[in-house]
Amino acid sequence: MSDKFHDECGVVGVYGHLDAANLAYLGLYALQHRGQESAGIVASNNGEMHLEVGMGLVADVFSDTRLKKLPGNIAIGHNRYSTTGVSGIKNAQPCLIDYAGGTMALGHNGNLVNATEIRKELGAAGAIFQSANDSEVIVHLMAQSQCNLFVDRAVAALSQVKGAYSIVLMSENELIAARDPQGFRPLCLGKLEGAYVVASESCVMDLVEAEFIREIEPGELILINQSGVKSFFPFPKTPTKQCVFEHIYFSRPDSNLFGRSVYSVRMLMGRALAIEKPVDADVVVPVPDSGVISAMGYSEEAGIPFQMGLIRNHYVGRTFIEPQSQIRDFGVKIKLNAVKPVIEGKRVIIIDDSIVRGTTSKKIVKMLREVGAREVHVRISSPPTTHSCFYGIDTPDKNELIASSMDVEQTCKYLGADSLHYISLEKMLGIFGEQKGDFCAACFDGDYPVDITGLDESAKQLGLF
Amino acid sequence: MSDKFHDECGVVGVYGHLDAANLAYLGLYALQHRGQESAGIVASNNGEMHLEVGMGLVADVFSDTRLKKLPGNIAIGHNRYSTTGVSGIKNAQPCLIDYAGGTMALGHNGNLVNATEIRKELGAAGAIFQSANDSEVIVHLMAQSQCNLFVDRAVAALSQVKGAYSIVLMSENELIAARDPQGFRPLCLGKLEGAYVVASESCVMDLVEAEFIREIEPGELILINQSGVKSFFPFPKTPTKQCVFEHIYFSRPDSNLFGRSVYSVRMLMGRALAIEKPVDADVVVPVPDSGVISAMGYSEEAGIPFQMGLIRNHYVGRTFIEPQSQIRDFGVKIKLNAVKPVIEGKRVIIIDDSIVRGTTSKKIVKMLREVGAREVHVRISSPPTTHSCFYGIDTPDKNELIASSMDVEQTCKYLGADSLHYISLEKMLGIFGEQKGDFCAACFDGDYPVDITGLDESAKQLGLF
Amino acid sequence: MSDKFHDECGVVGVYGHLDAANLAYLGLYALQHRGQESAGIVASNNGEMHLEVGMGLVADVFSDTRLKKLPGNIAIGHNRYSTTGVSGIKNAQPCLIDYAGGTMALGHNGNLVNATEIRKELGAAGAIFQSANDSEVIVHLMAQSQCNLFVDRAVAALSQVKGAYSIVLMSENELIAARDPQGFRPLCLGKLEGAYVVASESCVMDLVEAEFIREIEPGELILINQSGVKSFFPFPKTPTKQCVFEHIYFSRPDSNLFGRSVYSVRMLMGRALAIEKPVDADVVVPVPDSGVISAMGYSEEAGIPFQMGLIRNHYVGRTFIEPQSQIRDFGVKIKLNAVKPVIEGKRVIIIDDSIVRGTTSKKIVKMLREVGAREVHVRISSPPTTHSCFYGIDTPDKNELIASSMDVEQTCKYLGADSLHYISLEKMLGIFGEQKGDFCAACFDGDYPVDITGLDESAKQLGLF
Amino acid sequence: MSDKFHDECGVVGVYGHLDAANLAYLGLYALQHRGQESAGIVASNNGEMHLEVGMGLVADVFSDTRLKKLPGNIAIGHNRYSTTGVSGIKNAQPCLIDYAGGTMALGHNGNLVNATEIRKELGAAGAIFQSANDSEVIVHLMAQSQCNLFVDRAVAALSQVKGAYSIVLMSENELIAARDPQGFRPLCLGKLEGAYVVASESCVMDLVEAEFIREIEPGELILINQSGVKSFFPFPKTPTKQCVFEHIYFSRPDSNLFGRSVYSVRMLMGRALAIEKPVDADVVVPVPDSGVISAMGYSEEAGIPFQMGLIRNHYVGRTFIEPQSQIRDFGVKIKLNAVKPVIEGKRVIIIDDSIVRGTTSKKIVKMLREVGAREVHVRISSPPTTHSCFYGIDTPDKNELIASSMDVEQTCKYLGADSLHYISLEKMLGIFGEQKGDFCAACFDGDYPVDITGLDESAKQLGLF
């Protein structure tokens, strides 16, 4: 019943707008890249809260009829990422519950490292769990709080959890948004004609034409009600550890995160790669879409032409059925195709954001050679991913990560590339200047900023307890 | 968020059969009349429990693909009745949860009268509720029990609830079936090649070709595990109060309930009506399907020919869209049509199982007169329904019950009938002979066997707490 | 691509009503028993014709949204019967086409015996066929007519086809309804506030509250346009040969067909059975639903109590998935269950409308014996079905019909019954009095009123040509 | 009933492969950009042809179950483009028909200019039409041919049609592929382990790993059967007039068409734009996805940095529901968002493939100014679109084309841009070198290579005839 440890998601919250659910819907649309498995919205109408949720893309889940079932001027929405087959409608969010204090709903992006531990404790006290979501842990803790105010319950609950969370939380008449003390996941605040909008990424503000106010700070909790917006910093101060992968891969390039433009950071990563490990070549080709910006940066810095030598089929990634039978495995070909006139006879530099298992990269190198690449040099805009993420990015187990068992040279050989270079951790973090210490790089160096010892293997394998 | 107080449902459980989920599926098929809103099955395969659930009829919810996702030799299934629009996938059953003791699933038929009270208590202690189901109350209580054994937890939980329940309950490796001390709702046990089957009605045993062993007794809890079947009577003895409406209307006529054949009871009710209030007439016509058997009994006793003078469209009742616009309201015509040659020029006795609001009966009388009925005499095989049911039958509020505000004469006038007679409570219960005291007749006399004072109006209106 | 020879269907047409499509929808609802595979409606709005069609039941195909796409004051509708798996959306009706004269739509109930021949001829002249429907043959012939008037084209086309048809046909501004010269299939005319309604059965008039005017006569074609209703008898006069199975089984008992009430005819069939072959017994039990009325007639005549000793699950017949695996075949049990207290220890007379292959009847006899029937006497309200129907009823090939290879005694033995009697052809037709010669009884005596020699086996096997 | 004149589509055909339908499925996947409204495949298995077709994307239409219904070693597939709301399942292709010669199926990309005329003639001879597809015209003509051989029928039919077509055509055991004499639409041939593949674009060959053999020539018809591949040039020789918009916009950049790489042509168009109308600027930004390659070419030529200053939401374009109510129109914002750090304070050159109505371009200019663009220079990699296309590209009516009523200066003002330049026709065609005369540029100069006088307005408005 448990598919936790992987909670890449998008969240949005709206307070004080007559079309709250419609705005939440648009917000989820802009955040679709953060989760395609399920989508849900809860709206509050004069104290009555209603949930509409379904499996699939935002546009498929929400018909006009369903949106009309969500009147009210407060709403939260959630996109969930598809990880394994274990999931289902019971795991879709937001989570809407009744408790002693009334009704509340929660949408969560991130991953709690002590969720299992808390579940055990809550379980020992008789709690039950209907999903594998960390959301459920948080609402349990809120319900158990002896505080009267909704915001105090939220503080009480969040004080007990460890790990990554950016959450939107609503009662019948209040909206709360909060980021964990390390600030792993992004969350920002905007304003729209007297209404407030919170969202995982700033691209939501652009779409709904809200004014971007600022990011919610690491460790900050914001309460929005009829008195306006109040800010709290209720947790002990800890070093900020924002997720560098949000910049490398996960967020949209038109978003601003952790004080930086994703686009600009990726450009600089590309430039840095070119500086760190120059190579004589004819063309710089990104693995689309995530490698595009870095490849442009590389190209600019190196003075080697940028070309879209790999074309991505944007209709893939949804429900492709690999045809059975005699036809061979199509793998990466379904998604990517090489452009022969760009590649043939050329020395090609390929820019990708990361290498996980190495299988896809190997196929790309092969595909390029098949259309006549003379040399293939692989450049990666992140350091070798040697460790799993426990703070909300869906990385496989350590032993499936190629960089955890092969050094760069071995990996290069495995890929069949002429050369391979990952950006160095220092160089990459250097891009953030003074803030370089404010980032989590655990997947590269294994230096986990929040203790993960509670997450032992046996716990994973036994499920919930 | 609450649509409780109405939990007419069907439950089934299977232990020890390689095709447990398939048998549960067949059982739900046979119990489809008990609930058409949603259907769900949980199966346990080597300790791993999986739920498949969806909105709609059993045949629509369970494709072959979904049934294949339910391997294992223990399964429970549940059909839910469609009451109001408040419901949704979150209220569908069975309820599958993780708790300190492991994983369990529950399907519930009935209605707890102290659920609100217990929710308040549980809520005060910090519990959260994700549905409006009484099932969730029970699993909470089980999870909070300090007992180690699954069966002891069940006993502990059920000792605290009051009201109507027939439940199926499973852990990873055990199946429990229980009926409340009054025995409001039916539940029976069967055997199939070494496997055990429990189900709301005996017609399930006929379909799956299981041997009907016996009914679960009021107040009995049965534990089925690898040691076989064990019976417990853990609750204080109280008078049996089985629901007489199961015989009047709700159950299938080919089922045996509370020691009697539903078919035979309905025949006797028809006979009793004929004896109590004879009338000179030409034809006895049932309101199909529920009035058919009683009408046959009436006909036999009175010596007046039985005729199917009203034809029912069996394709209705699912998703009929009343066309908007100029077309007038079609009401009962969509479901029933009169057979002119049977009715024209005749003195007609109409047999129905009950009158709730009176609007349908009024339309039927009108329809019969339009095709030429000379006289229309209405006979009802139950006493006037003057009180709402709080034990699991979906009756409207008292003030919507015609019999709570009009006497028989007034009702007759309202219906436009030439005469109206309800069977007397004594006569009806008399059919059960010595067991006449073992039935609940609260909807006729307001004598509620289980205290409903906890169910005050304010509680209903405020929702959960 | 061909699944023809089986075109049991329901048709409806509306002229001159602002809610034409909505009325057609209601009409299809009332005719759902005539076809459950697909449903479609064409409406004409100021000369623009639009089709909405889909697989499944009327209520599933037509959402409110789809009905709104069908404005206009002329409409025709069609329900199609599910026969084999060959069918699909391309075979669904009505058929909507453009041709030299404009646009037209056709819905057809029946089966043409010279369709293959005409297809060959049309094909030789270059025609193409996109479905296996006889409708397509008729619209081809209409399009090829050199006549100018829509009605003349219809007459020209229908003059060339042989076999069974009751059709509704519309142009942008006219509605035509016609029955073949033998009048195999029913069709009737009603009036509703200045609008006209035509439908396969009179029960449609009851539902839409139209006044039943009369049946369309065999060989009659009715033209409805802004000048009112005009009647034509354009075909050479031939003996009327209405389908007796419409009364025996196919139509709703609340319909009037061929000048008779279906209900009354079935009652008389039951009575006739009792007179022809009396047997000493305790109870008369119908095979529901089609045997119910005849069983009541038998019971009345014989003075043996009528009982619903077999209960039908009305939720079956839609999409039941026979669970694979170890579970044995459930066959008739899914649909029917015996009521033990009615049957046990009794001498039972079972009334069914017909025996086709005999397998279901055999299972019913077995089921009755298993619950303790002392004797089982089978009585059939139609003569032995020895020949296939080629005029629109879906009977299997002759060699699958038990009565074509076994005499009554052998069949009785096969069924495991104590006695078996079919009503005699004379007795059955005698019920229709002077009109007895107006009925087709080809399935009983092989005396096909319309030559079927064109329908040779090779044609069937080779498909269309 | 008619939505013709717009038949942008993708076609694929497979001969001689055990997994013909699966390969066709993959091919349709690669051609999804050519049509998203419906998808269909016909396969032939030992002379029996079967069609599976549905509304929506290839991945949504074809479940594993549906693919399994398509055994056989010959198959054709078709993607249809969504144009107006008039369409529906009846217009989906391939078209599968029975005729005197057997069964055949056809998939068509293009638009016939004399279809209305032929329909009239066919109609006058009695033909009927069930769709608005040109496919139906062609199969009619084939069926009417007196030839015996399938290929001769195809030649006879195609000799009568005028306009644009690239078709795949199959009988029970042969596959035909043909391009019209002008060669408006692309079509190519590949080989895969003894099997043959034909497809609209060469990217299909890459995906299914077939060897690209060559393009089908303008006016060429290829017959593939057990004797191998035979080529025919049965039509009078006419000047080649390939659609230049296939290179500008419609085809995938990784395809080769008309002897050229789409990618390379777009690069050269970008370069040409930079040469023709240089402008001092800071950044070159494409309107994704279609402007990307040209923008790279421009950037290279002009030495101005290329940046992805507009980000496209690839989840849009399917079923986005514009929320009603108070929220203002979101228009282009749903699809595109500007990247502020790329644009702010910059002089921006925007590269797009074409301007149709001008409304989207206007919004883009506005969006760029809102994020701080100092100057916005619009460059279009095609000449002004002044005329509608009648050969298969879905351009609106002439009077909706901004370039048909405004000159460049006026348009620039309307867009709010600082400057606007369209590539000149000569420059654009010059890219094709000696072949410059082989292209149709009717949408730019109104010089229609195939007479369109038959396509008068009245015909369009009256529908089919």
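Order as written gives the chain letters A, B, C and D; numbering starts at 1 within each chain.
Just so it is clear, a contact is a pair of C-beta atoms (placed from the backbone, for glycine too) under 8 Å apart; a residue touches a chain by one contact, two chains touch by 3 or more.
For clarity, every value in this text was computed on a predicted model and none was experimentally measured.
Colleague: So if I look at the partners of chain B and the partners of chain C, which chains show up in both lists?
Modeller: Looking at chain C and chain B together, no chain touches each of them.
Colleague: Please identify the chain with the largest separation between its CA centroid and the CA centroid of chain D.
Modeller: Following the centroid criterion, the farthest chain would be B.
Colleague: Per the centroid of Cα atoms for each chain, what is the distance between chain C and chain D, given in Å?
Modeller: 47
Colleague: Just how far, in Å, is the C-alpha centre of chain C from the one of chain A?
Modeller: The computed centroid separation for chain A versus chain C comes out at 59 Å.
Colleague: Send over the residues of chain C in touch with two or more other chains.
Modeller: none
Colleague: Which two-chain combinations touch?
Modeller: Between chains, contact exists in these pairs: A-B, A-D, B-C, C-D.
Colleague: Can you list the chain B residues touching chain A in their complex?
Modeller: These residues of chain B touch chain A: 1-2, 49, 51, 53, 88-90, 95-100, 102-103, 119-120, 123-130, 136, 139-140, 143-145, 463-465.
Colleague: Okay, in this complex, where on chain D does chain A touch?
Modeller: 18-19, 22-23, 25-26, 29-30, 32-33, 57-60, 62-64, 67, 203, 206-209, 252-254, 256, 261, 263-264, 289, 292-293, 296, 300, 305-308, 311, 313-316, 318-321, 323-328, 330, 333-334, 337-342
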